[in-house]
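Next, two complexes with chain A in common: one pairs it with chain B, the other with chain C.
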Partner chain A sequence: MNFTQQLVNGIVLGHAYALIAIGWTVLLGVARLVNFGHGQMYMLGAFVTWYGVSRLELPYFVAIPLAMLAGVAVGYVMQRVMLQLTLKQDLVSIMIVTLGFGYVLHGAAALFFGSTGQILETPFSTKDIYWGDLWFTYQDIAIVIAAILFFAALKYVIDRTRIGRLARMVAEDPQLAQLAGVNVRRVYLGVFAFEGAAVALAAALVAPRTPILTSMGFDEVIITFVVVVLGGIGSVTGSYVAGLALGLFTAFFGAFVSPAYATAAAFAVLIAVLVIRPGGLAVSPGGRRA
Partner chain B sequence: MNTRPVLEATDLKIAYGGNVALDVPRIAVRERELVGVVGANGAGKSTLVNGLLGWSRGSPKVSGKIMLDGRDISNLPPHERVRSGLLLIPEGKLVFAQMSVEENLAASVDVPTDGQRRRQYSIDEIYALFPRLYERRHHLGSQLSGGERQMLGIARALRLSPRALLLDEPSIGLAPRLVSTVLETVRSLVDSGLTVLLVEQNVRAAIEVVDRLVLIERGRIIAEGPASEMRGDPRIAEAYLGAHVA
Partner chain C sequence: MKTGIKTVLFAALAVIGFFVPILLGASGAVYAACVLIAIFAVMSYGLDIVVSDLGEVSLAHTVFFAVGAYTTALLSASAGIGPVLSLAGAILMVLLVAAALGFVTLQLREFVFSLVTYAVAVVAATIAQNWDFLGGSDGLRGIPAFELSWLGFTARNDQELWPIAYLLLLVAIYLVSAFRRSKLGQAAMMVHLNQRLAVTSGVDPQRVRLQVFMVSAPITASAGWLYSYQRAYISADVLETYFLILMLTAVVVMGRRLLLGPLLGVALIQVQEKFFSFGGYVDKIILGSVLILTLAFLPNGLFGVVAPLRNLFTRRTTPVGKTIPERS
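Entry: the complex of A and B
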């Protein structure tokens, strides 16, 4: 095993995980909502990008915003349908509805894009970089840079801007936020639309690493779940750190033990962390999230 | 004093699951007036102010007509009533605990600036009014004392250019000295142009600062009048001021 190669693999994988999870982190942090259709939204983002690049012959950088727009549309529609459930914070119904939404997306995607696997080729994914014994692609570099920029921008927006303050107000107490003149419904719609855009961006960047299928999505939901919970629900910094840690863990566990048991091992770590720190890694003793 | 009501509700009925919690034919607050609503626990005082804003942590059925500055706001959602200038400082949770005092005071919405009718208090004015908040400006809401939270709650509302302020039980949990301070601050705000409907269980303290008093029992107004007259009303004097009326 090449330790440095596994370190690189882990860093890339970790940033990919963090990128996939960021939308759900904000969704859970601000709206206290879950979306079990998140994986299928990832799949849709990947296929819209693929369709844009391969069928419409659009440049990759045009296909990405197209996928993000599709993600925004799906997130918006999903939230419009569930608005009453959202306002009542009816979590069980929301879980079932989002799960159902995921299956509808899966069916619709299979109908439109077909059920055969596809390869999403980008200008970066086919360009390899060899550096001594190390190997990676330009796509890997794009994932790491995009993830860092996205997380830094999101952290800035949430901590320093008016929109971020509105989101934090709704996250802490939606009813008190109403008394400050905040349109909570609009914030919820915005958060869902953001989640759709974020997961589509993640798909457009990460999906070129592997073949894409309309049946994919389950792994992405599981990864997202682990990252979000491990990072401390709603914590942007926590999600980044947890994604990176999970990526490194998966890479080294796969190399040292077996890739087949990496997910099971990740869950074992999740259980251990939650037993020791029930709020996740990013929650300080005072309860404030990083 | 201008006699035109700034806030007026008629035929206001609020029911929870078929049980009528409040039935008020008319209640009005005039320009620069401080009206106190008093009554026992569960009389419907909080239900009244929450209903005026269309805001509740439950799901009540609300009917009736609510006018703010002659404009019907009955069908507006709570956040739009706030933007229209009707502000509520609720009982209990008043501030965002995970935000600093400064962040709590940052106005969250773009308030209309229609000149003299909607005055927005600047941050400097807020700190001049509540110097303690300036000292604590970098602290989180969760780190403030009860009195400081009450001040911050009022200050947050002032930042949103209130036309009328609904204040729910500001004395709860406060030391007697702080109760006087908070109520005197409210009085001074009214004297400087604000219109306030104050719900208060501490009748003894409230009657010292309000212009008019409204007594509510079991969701209905059973007496109202100028504070000076209501002080002698046996229903007030015996039940709330501890006086024995022969």
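Entry: the complex of A and C
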């Protein structure tokens, strides 16, 4: 039945969205940083995985860490270049710099991987499951499981461990954290490296669902914006719920109204929320909502 | 410098500027580059007052550019309306769009503002690609030549379009400089630098932001207006990130709040891309890197590197250090 099928699609899509947004959630909620190159980092993760699997003929499980490593490298370099801006908390410049990085990544990826579309095939994505009238792939199951595990682990690390406390402390008050002996630079570099790894992992898992293009980063990032803002900026649990809700919304909108305008519709939801409760979106550092 | 001398100097510069294509050999490629530089500079001036004066990063200026271009294309190709009225139409249309966008984003600041404006740009691109009214992915063709029949003026190529492009550029520069001297311009700076002070001085920050937006959008849209005549066809690629990155780089590369900064920035980028190109992808890397490096390492732009040298040549009006008191 079409409705149940869309429900399944929506749940898978929702977990995919949440997974893609996880890096941003941490970046924003925990370190109060932004990254407009997020979409292009997603694209890079997808292409490195594709390159590993189809050109280097590596097993999928080796290609994923490879993509994550590339993500860590890009994230680290980005933060290293703009460290001074980060320490000054010059968000306006950080936004433009990350946008510039996204543009450079797009150019570099097109140069290296070519500008034609590719299909990333994994051992899971080619195996279908039929369950009554429902159809999905093992890749879909992998996405859902990975997203749930990742979110649970993240929630635990941020709330319960020393690393999480350090990151939250830096977000709350960088100067004070420095006085208390925290190596603020290292935390910022670490958070950005994490963002790179997280988005690359998401890309390696989610990208097999659709053809990949080096130009796809531009609109890919919108979904992340919507998830992060709807989830109550920086809240880990909120992002998960918002991702799931947005996935269901997009699946049903795409199936029953128009697939071409699904992104536009998701954005319309964002605008509606912003107009209805504009004051409720202030960032609370530390990822905890006031 | 005194205002009188400054005015004469600017006037002289404005006259010389017109002959730049001739000085560079007057070839077709030179005219094409000069017209594009003028158009993109005008586009960047619109963003300049939002980024440099108001201190917000609007990523929706490509939408204003596109609104100008699409309105012109629809009016001139489908309805057969001339350039003067199509400019009026483009400005009217963009004011509506800017007002709507300004109203929605009134409460938003910093990155949430940028995030929403970026999303607007992406959504506009999907709409332009899918909506048949705007030509879908094929775009709109058949935009007639720029023709002012009552003056007997027709611009069939870039050389003939140059006077119009140059005039538009001068108007844009004049508007930006007039804006900076105006009450609104000063209020924008105050909101940018010290919002509390602005509020206690009786300035309403939200009103100022909306007003700056409404001044800025028509400037960028008028660039779109001329661009559609220059290209003779318009498609969704006017909403590409390229234009956004080009504008942002042009605004910051020379140094912010320099009147000729965006023009020189655009000229630098366009000359590289038109005459010293390394292919589209490498050019992308270069443009992005210039943007990154400027912001990360040259907070005052290229001019900030050169400016201190100027002090070497200025004559001191007061002696350095303390004067030795005379003995009595």
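Please note the rule applied: the second predicted complex is superposed on the first by the 273 of 290 C-alpha atoms of A that agree within 3 Å, B and C clash if a C-alpha of one lies under 4 Å from a C-alpha of the other, contacts with A are read in each partner's own complex, and residues count from 1 in each chain.
Note that in this section contacts are C-beta pairs under 8 Å (C-beta built on N, C-alpha and C of every residue); 3 or more make two chains touch, one makes a residue touch a chain.
As the structure is a computational prediction, the values presented were derived from the model and not from experiment.
Enquirer: Should A:Arg168 be classified as contacting the first partner (chain B), the second (chain C), both, or neither?
Expert: A:Arg168 contacts chain B only, not chain C.
Enquirer: Considering only the touch criterion stated at the top, classify A:Phe61 as touching first (chain B), second (chain C), both, or neither.
Expert: It touches nothing on chain B or chain C.
Enquirer: In the three-chain superposition, say which chain, chain B or chain C, touches more residues of chain A.
Expert: Partner with more touched residues of chain A: C.
Enquirer: Figure out whether A:Phe3 sits in contact with chain B (first) or chain C (second), or with both, or with neither.
Expert: Neither partner.
Enquirer: Go through the superposed model and pick first if A:Val97 touches only chain B, second if only chain C, both, or neither.
Expert: second
Enquirer: Scan A:Val34 for contacts with chain B and chain C and give back first, second, both or neither.
Expert: So A:Val34 only meets chain C here.
Enquirer: Using the superposition on chain A described above, determine whether A:Leu179 touches chain B (first), chain C (second), both, or neither.
Expert: first
Enquirer: Report the residues of chain A in contact with chain C in the complex, numbered from low to high.
Expert: Per the touch definition, chain A meets chain C at residues 34, 36, 81-82, 84-85, 91-93, 95-97, 99-104, 106-108, 110-111, 218-219, 221-222, 225-226, 229, 233, 260-261, 263-264, 267, 270-271, 274-275, 278-279, 281.
Enquirer: For chain C, which residues count as touching chain A in their complex?
Expert: 51, 55-57, 59, 104-108, 110-112, 114-116, 118-120, 122-123, 125-127, 130, 241, 244-245, 248-249, 252, 280-285, 287-289, 291-292, 295-296, 299
Enquirer: Using the touch definition from the top, list the residues of chain A that touch chain B in their complex.
Expert: Touching chain B: residues 162, 165-166, 168-169, 172-173, 175-184, 286-288 of chain A.
Enquirer: Mind listing the chain B positions that touch chain A in their complex?
Expert: For chain B paired with chain A, touching residues are 53, 55, 57, 77-79, 82-83, 87-90, 93, 96-99, 103, 106, 108-109, 111, 140, 142, 156, 160.
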